[in-house]
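Structure, as structure tokens:
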Amino acid sequence: MMGIVDKIKEIDGTKVTVQRENRIFVDVEKERVIGTLYSMKLIGFSQLSVLSVIDRIADNQFEIFYVLYNRDEKVNATVRVWIDRDNPVIETAEKIYPSAHAWEREIAEMFGVKVEGNEEAGKPFILENWNDLPPMRKDFDSIKYSSEHFVFRHSEDKNE
Amino acid sequence: MEKMTQDQVRTIANMLRKRSLWMIHYCTGCGAMELPPTMTSRYDMSRLGLAPFVTSRQADILLITGYLNVKTLRRVITVYEQMLDPKYVIGFGSCALNGGVYWDSYAVIKQLDRYIPADLYIAGCMPRPEAIITAFQDLMDLIDSGKADGYKRYKRDLAYYKENQRKVLG
Amino acid sequence: MSKSYELFIGPNHPGIPGNFSVKIELEGDTVVKAKGDPGYLHRAFEKAMEGRYYIQNLALIPRICVPEPDINEAAYAMAVEDLMGIEIPERAKYIRTIVLELARVANLTFWMGSFAATLGLYTLSQWSFGDRDYALDLFNEICGARVYHMFIWPGGVRRDLPPGWEDRVLDYVKYIKERLVDYDNIFFKNVMFKYRTKGMAVVTKEQAIEWGATGPILKAAGVAQDVRKDDPYAAYGYLDFEIPTLTDGDSWSRAMIRRMELDLSLDLIEQAVKKMPKKGPVCAKMPNPLKGIVPAGETYAKVESARGEHGFYMVSDNTGKPYRVAVRGASHTHMFTIAEKVLIGQRLADVSHTLVSLDICPPEFDR
Amino acid sequence: MVSTILIAICVPLLAFAIGLTFIMFKLKITARVQRRYGPPIIQPIYNLLKLLLKEDNISHGVIFSLGPIIALAGSILAVFFIPIPGLNLLTGSGDLIALLYIMAIGSLGMALGAGNTANPNASIGISRALTLMFGYDLPLVIIVISVILQYHTTNLADIVAAQANGHWTLWTLPLSAIVGFVVTYGALGEHPFDIITAPHEVATGPMVEYGGKHLGFLMINHMFHIYIEIALFVDLFLGGASNLFWFYIKMFGVFFIMMLCDEVFLRFKIDDAVRFFWKWPTVVALISLIIVLVK
Amino acid sequence: MNMSLELLLATPFIGGLLTYIGGKVHRWVRNLIAVLFSLATVGEMAMYYNTTFKGVVWGSLFGSNLVLQTNPITWLFLFIVTAISLLVIVFSIDDMKKEEDEIVLDSYYMQLLFVEGAMVGIVLAGDLITFFMFWEIMSWTSYFLIVHGGKKSMAAGYKYIIMSVIGAYAMFIAIAMLYAKTHSLVYSDVALALSQASPSFIIWTVVLLSVGFFVKAAVMPLHTWLPDAHSEAPSPVSPLLSGVLIKMGAYGLFIVFYGLLSVNLAKNIMPSVFSTPILLYIIQWLAALSIVLATFLAIMQEDAKRLLAYSSVSQIGYVVLGLATGTSLGVAGGLFHALNHAIFKGLLFLAVGAVIYRTGTRNMSELGGLVKKMPFTFTALLLGIIALAGVPPLNGFVSKWMIYEALIQKKEVFLLIMAFVGSTGAFLYVYRLIHSLFLGQLPEKYENVKDVPILMQIPIWILALSTIVYGIFPGLAMDVIVKGMKLFGFTPIAYNLFGFPEGTAMGSLTVINIAAVLMTAFVAVFIIFILFPKTRQVSQYDNYASGQELTPDFKYNYSFGFYMSFGRVIKPILSMSIERVYNYWIDAFKIFGDYYMRRIYTGNLETYNSYIVIVVTIAAAAVLLGGKLW
């Protein structure tokens, strides 16, 4: 069991936290993230489960996390990287994990993260004709947007 | 005299229409999950003359099965406008009625009948097959009495509907 | 002008499972390009959950995946339990197992009907949708709802089982087993079924691993990966079962894997009902739900849905509302990474059954 | 003269009525096999009249509207060339070979109308329909030739007359009759040959843009189509009938067996369907043809 | 009176020369002369129509008289030749405007009239020398016509002329053999000589003559020139090639088998299969293979004119199949189909030419939706395809029906099956043609297309109406055919104006009843249809697309690979192309040339053709000298 943690620790610039026996968190710098992911794949983390973003608005940062799964050791590892919220740029991981392509399209749309190297990131994916802030950011107020764009039905409303 | 025959024709036509309602095969939301049981062997809505049909040209009823987000709304309007008169809309579930649990969502519209005229709503999330069948029977009564006139309202208040649609769809 | 032309499969098309659109480009009758177009079911779940208390979110989570809502409840509950450090009672574990497996049976019978319909056999879909309905009746008994149960919640399950429910579950299992003989005769042993699906839409073992497939796609390609076995949750650790695998990775193998999983699920239900403690609490002691504060932390909880690995990545900041919930639906990868590649070179007649064979569930990736 | 006009009006109506009752039974039989109760028995009439009384109809051009009309006119024409008990109608003006081509007028009309919709689903449906027609045509001509050689005439009325007193072709040429059944089944487009309208693939194919009265006319055409195909089968292989009642019973028997088959088959792919028709039905039909030639 | 035939023969040639000269004055003078002279030819033909001339001597060569003669069959073919030529010339006036080089146009019209004259000569010929002379004129002038069609047409024309030359050599050898035997090549003398000749001599001459006719009639396996030539030729030339020129091959076969060699004689000297002389039986099979294989090939084409070209190979198969049955009904059917094919194939090529004129492309995947823009051309083409598919009540049906009945009478079931299959296959490719051109999505770039000018409409519509006339009144053509066939020793078949009564065949046919009932049914249904609520027009973008909105930048027209699924079924058949056999031999000859002959000839096609010519010559010389080869 500890073998896999050691292997991850050997990768340059990683900070490993073991939460449970099969939940590992790996923190890396923005510059090293692709290299880390590549090394992770080499040591058996062959499946990308989730790739998404946490909007750490208090620190003015985006936390991007990659949940990886090692099929042989049955271990989930989460690679986390913090990037600047004002200039959110990340390199694509689609060369390493093909399934990252669609996740990256999603974070590009929902958080406004620029994904370098992914041609389709930034094109409309789930939303259509969206011209407001990326909706998943913490500073986007969903209720305000709704009340501006849609009319709520109140009990006194008559069906016209 | 001529008016009378026209009325008679309309009465007969309504009588036929209510007995043969074809429903468009378009699952706009999660409410569509209760349609297969309604359609198939256990509840068998074909007893009432209802049948699922594929394209917008063939169908009479448009079921808005649950929430309707903005992207789907555009398609729903396209489909609705392609359907041939007389056509009926059933708002299905509380989301179509007032947004339901998605009341604060930026993507889901809150009132269906601001965009296309709904003849009937079914409450509940999600409505049970029994409720759906009751709703169809209510719609039949409405058709029989000539009150299911959503398509006429849409033509009459086209400006109103188009204005609302433009506001949401941009 | 190019030789190819464009065709929309969906959203208003019987060949698409749910409200979803695949834009395909065809040359003659052969697909040269396929592009999924999601978003028709986008309701902003992840955004909405950030604005609600943990207990309120219970109403939202089953609606993420319509055909099999219980996996969402289970994964959500497990994530919260993980963050709070709660261990749930034994009986609750078994009840969860039974409910989850029953939901899987409902989903698989539903899938069978859809799959048969895409291949032109409407009789099976009529039969199996009807038989699925009896499973919904069982859910109706325990929680009063047919589709969205909100039965599994953090700490265990919402209430104890009604008396005699276990027997009725066993009766249902017996009934389905009898019906499966008919299903096999009309569909799974049908020569034309093999003819239509053998060698179609192949995802080989290497491809499945490279593209990140999970669930039946991976099992059909020959990898026995299953969260129930690898990272046991609920009562799966106490039960005795083997994960079925096949090697071809084609449409037929995936269908047969699902057929075997149906057998497995029925078997698991029987085992769980037998082994379940007859008495005991069904819910751990939880703090006041309205003030329920979850300690800060990050966790990833996963369960095995009928489509593959279904996970919740939950971040808490020591308040009553989750800071961020990310949902991982198996269909996300299956559609945008696998289906778009597998569809290329397929014939138009096979597009629909390929999509259903990969079991694309749009609400999972639209959210 | 009056009787001629009467016949000219009544025969198509009769064909329509027979086709209509078959559709009625079809819905019920299907429902029963699928463990359902099924729609009311006169549901097809409601459907048809509702479609015809739709207030709004769309058209993509003149040919779009003419398509169902040509199809229906072609079907009515074909009805007059199939002898019914007691009436040989126009069998003297065109024989079996002419009938095979007259039956194509309907398909051609529908193909033209569907093509004018500018919808790829419709075009694919038509491409499949014509390919399927090419597929079942090969065994069809072989069995038709074997019947012609058996009775030394191409006149359908004479063929029916030659089978009087129970000397049905079904007994004398059983292999041809079996192939004839398969071909008729394919021509009706039931499972597994419902490739043309396959909703999950091409969204009802040629009918994709048809609604309202156009669709109503296509449904009427379908009823005629059922009548023509099955009546031709009955005339060729089951010896026609001495009165209308037996004619109807024979036709219904054939149709009933077909409906039972309909519910248990999956759908072919179009090239597989052609391969199927060109394999076993053709071989069996050729064997039957050789038997006739040697005899 | 005797001058009349020579005048008829000379008119087109004189017209051709005058046209060329007229072109130097002004193009309208040239066009007028061309039309007037072709009109004059038709007029002369009509004036003497159905009068029989016997043996009009117009010269002599090598001691053999050069003779012109007519009989009803001649008039049938003369009618085809002159009428189609006139229509083609009228059509050319507008269609060839795009050709900027006026000198090229001058020679184009001259060649058109020369081809017409040559074909008139072939039909009128009463002896083999006249026949061969005009045959060669026809081959060469038509070659020049084909190469008007642009760059690709050069290669196509080259292929055509090489194969024609091979055919001509074969014919020439046969004629030489006959001359050596009889010293007179007048048909009656030749027929007399053949009746006393040895069987092997007869077979050799007949086979060699047939090879020449087969090349021209494009019967498989000698059809390979046709698809290229017909599709690459200019639009107005294609109907002339397809409608008329290949009929000369059929006419030649008719003359050889029923003029020079009678059926009875043939039966005496060779074994019979299905009461058909074996030689004719083999020809029947070649024709039937042509029908089926060319139909398959036509189904798979992507080019409108190539599709029609393969369809021509298939339809000429029916003509040859009918002619080779040897029974009255079959031969009459074959001759009638020759007329019908000239009408509907001329119509189809002209209508497609009209589309090309307006859109500039014949690639079917680039076209579509033109029915809104060119309704008249569409209607004419619709009639053409219905006739081609053999659907009653148009003309193609009647002649095919006769051929089927003839085959049933002879119990030639396998040929019959093949004929039927070819006819059903025709449904596929004709629908594909009309769908890809006129139905489906209208591309944006053709938004401003208009129907073609009136001068192009007239020929199209004359032919379109003819399909109806000859379909409903087959008796019009049967008058001539039956009368002519009597002269060749056939028992006349019973017919009436509207069809065939009982006893002619195994069934009866009255086309006017079919047409009348169809029209009545159509009118009745139409009236019922318009009684119901009105329809409204919608645009082609207001269309079911799974709920999506369509915009003009989508290409949603299914036209490329229309029968790709079917193509998978017949793939094993299509891969067995006869061209590959030829290419194999080309390669073999090249290797032979490279290593053993030390590159005497370096070319590709020419090398192989030269060798074939040499081989054929040697073989024929051996026969001629030795008398026997086996």
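Order of writing sets the labels: A, B, C, D and E. Residues in every chain begin at 1.
Just so we're on the same page, a contact is a pair of C-beta atoms (placed from the backbone, for glycine too) under 8 Å apart; a residue touches a chain by one contact, two chains touch by 3 or more.
Note that the coordinates shown come from a computational prediction; the quantities given were computed from them, not determined experimentally.
K.L.:
Following contacts chain by chain, what is the lowest number of steps it takes to reach subunit C starting at subunit A?
P.N.:
Between subunit A and subunit C, the shortest chain-hopping route counts 1.
K.L.:
Which chains are in contact with both subunit A and subunit B?
P.N.:
Shared contacts of subunit A and subunit B: C.
K.L.:
Mean of the CA atoms for each chain, then the mean for all of them together: which chain is nearest?
P.N.:
Closest chain centre to the overall C-alpha centroid: D.
K.L.:
If you tally the C-beta contacts, which comes out ahead, C-D or D-E?
P.N.:
D-E
K.L.:
Can you name the chain that lies farthest from subunit E, using the mean of each chain's Cα atoms as its centre?
P.N.:
Result for max centroid distance from subunit E is chain A.
K.L.:
Taking each chain's centre as its mean C-alpha position, how far apart are subunit A and subunit E in Å?
P.N.:
Roughly 70 Å separates the two chain centres.
K.L.:
Mind checking the centre-to-centre distance between subunit B and subunit C? Centres are C-alpha means, answer in whole Å.
P.N.:
The computed centroid separation for subunit B versus subunit C comes out at 29 Å.
K.L.:
Please work out the Cα centroid separation of subunit A and subunit D, and write it as a whole number of Å.
P.N.:
The computed centroid separation for subunit A versus subunit D comes out at 59 Å.
K.L.:
Counting only residues that touch at least two other chains, what does the list for subunit D look like?
P.N.:
Those would be 34-36, 53-58, 120-121, 124, 199, 203, 208-209, 212, 269-270.
K.L.:
Among the residues of subunit E, which are close enough to touch at least two other chains?
P.N.:
In subunit E, residues 542, 544-548, 556-559, 562, 565 touch at least two other chains, as defined above.
K.L.:
Note the residues in subunit C that touch 2 or more other chains, in rising order.
P.N.:
In subunit C, the residues touching two or more other chains are 5, 7, 11-14, 29, 39, 42, 44, 47-48, 51, 126-127, 130, 347.
K.L.:
What is the complete set of touching chain pairs?
P.N.:
Contact pairs between chains: A-B, A-C, B-C, B-D, B-E, C-D, C-E, D-E.
K.L.:
Any idea which subunit B residues touch subunit C in the complex?
P.N.:
Residues of subunit B touching subunit C: 24-30, 32-34, 36-37, 39-43, 54-56, 67, 69, 71-72, 75, 79, 101-102, 104-108, 125-126, 128.
K.L.:
In the complex of these two chains, what residues of subunit E are touching subunit D?
P.N.:
368-369, 371-372, 375, 378, 382, 386, 389-392, 397, 401, 404-405, 408, 411, 413, 416-417, 420-421, 423-425, 427-428, 431-432, 434-435, 439-442, 499, 502, 505-510, 513-514, 517-518, 520-522, 524-526, 529, 532-538, 540, 542-546, 556-559, 562-563, 565-566, 568-569
K.L.:
Which stretch or stretches of subunit E touch subunit C in the complex?
P.N.:
365-366, 443, 544-548, 554-562, 564-565
K.L.:
Residue numbers of subunit A touching subunit B in their complex, please.
P.N.:
Listed in rising order, the residues are 126-129, 131-132, 135, 140, 142-143, 145-146, 149-153, 159-160.
K.L.:
Enumerate the contact residues on subunit D facing subunit E in the complex.
P.N.:
Interface residues on subunit D, with respect to subunit E: 8, 12, 52-63, 65, 68-70, 72-74, 76-77, 80, 90, 92-98, 101-102, 104-105, 107-108, 111-112, 115-121, 123-124, 126-128, 130-131, 133-134, 137-138, 141-142, 145, 148-149, 152-155, 203, 208-209, 212-214, 216-217, 269-271, 274-275, 278, 289, 293.
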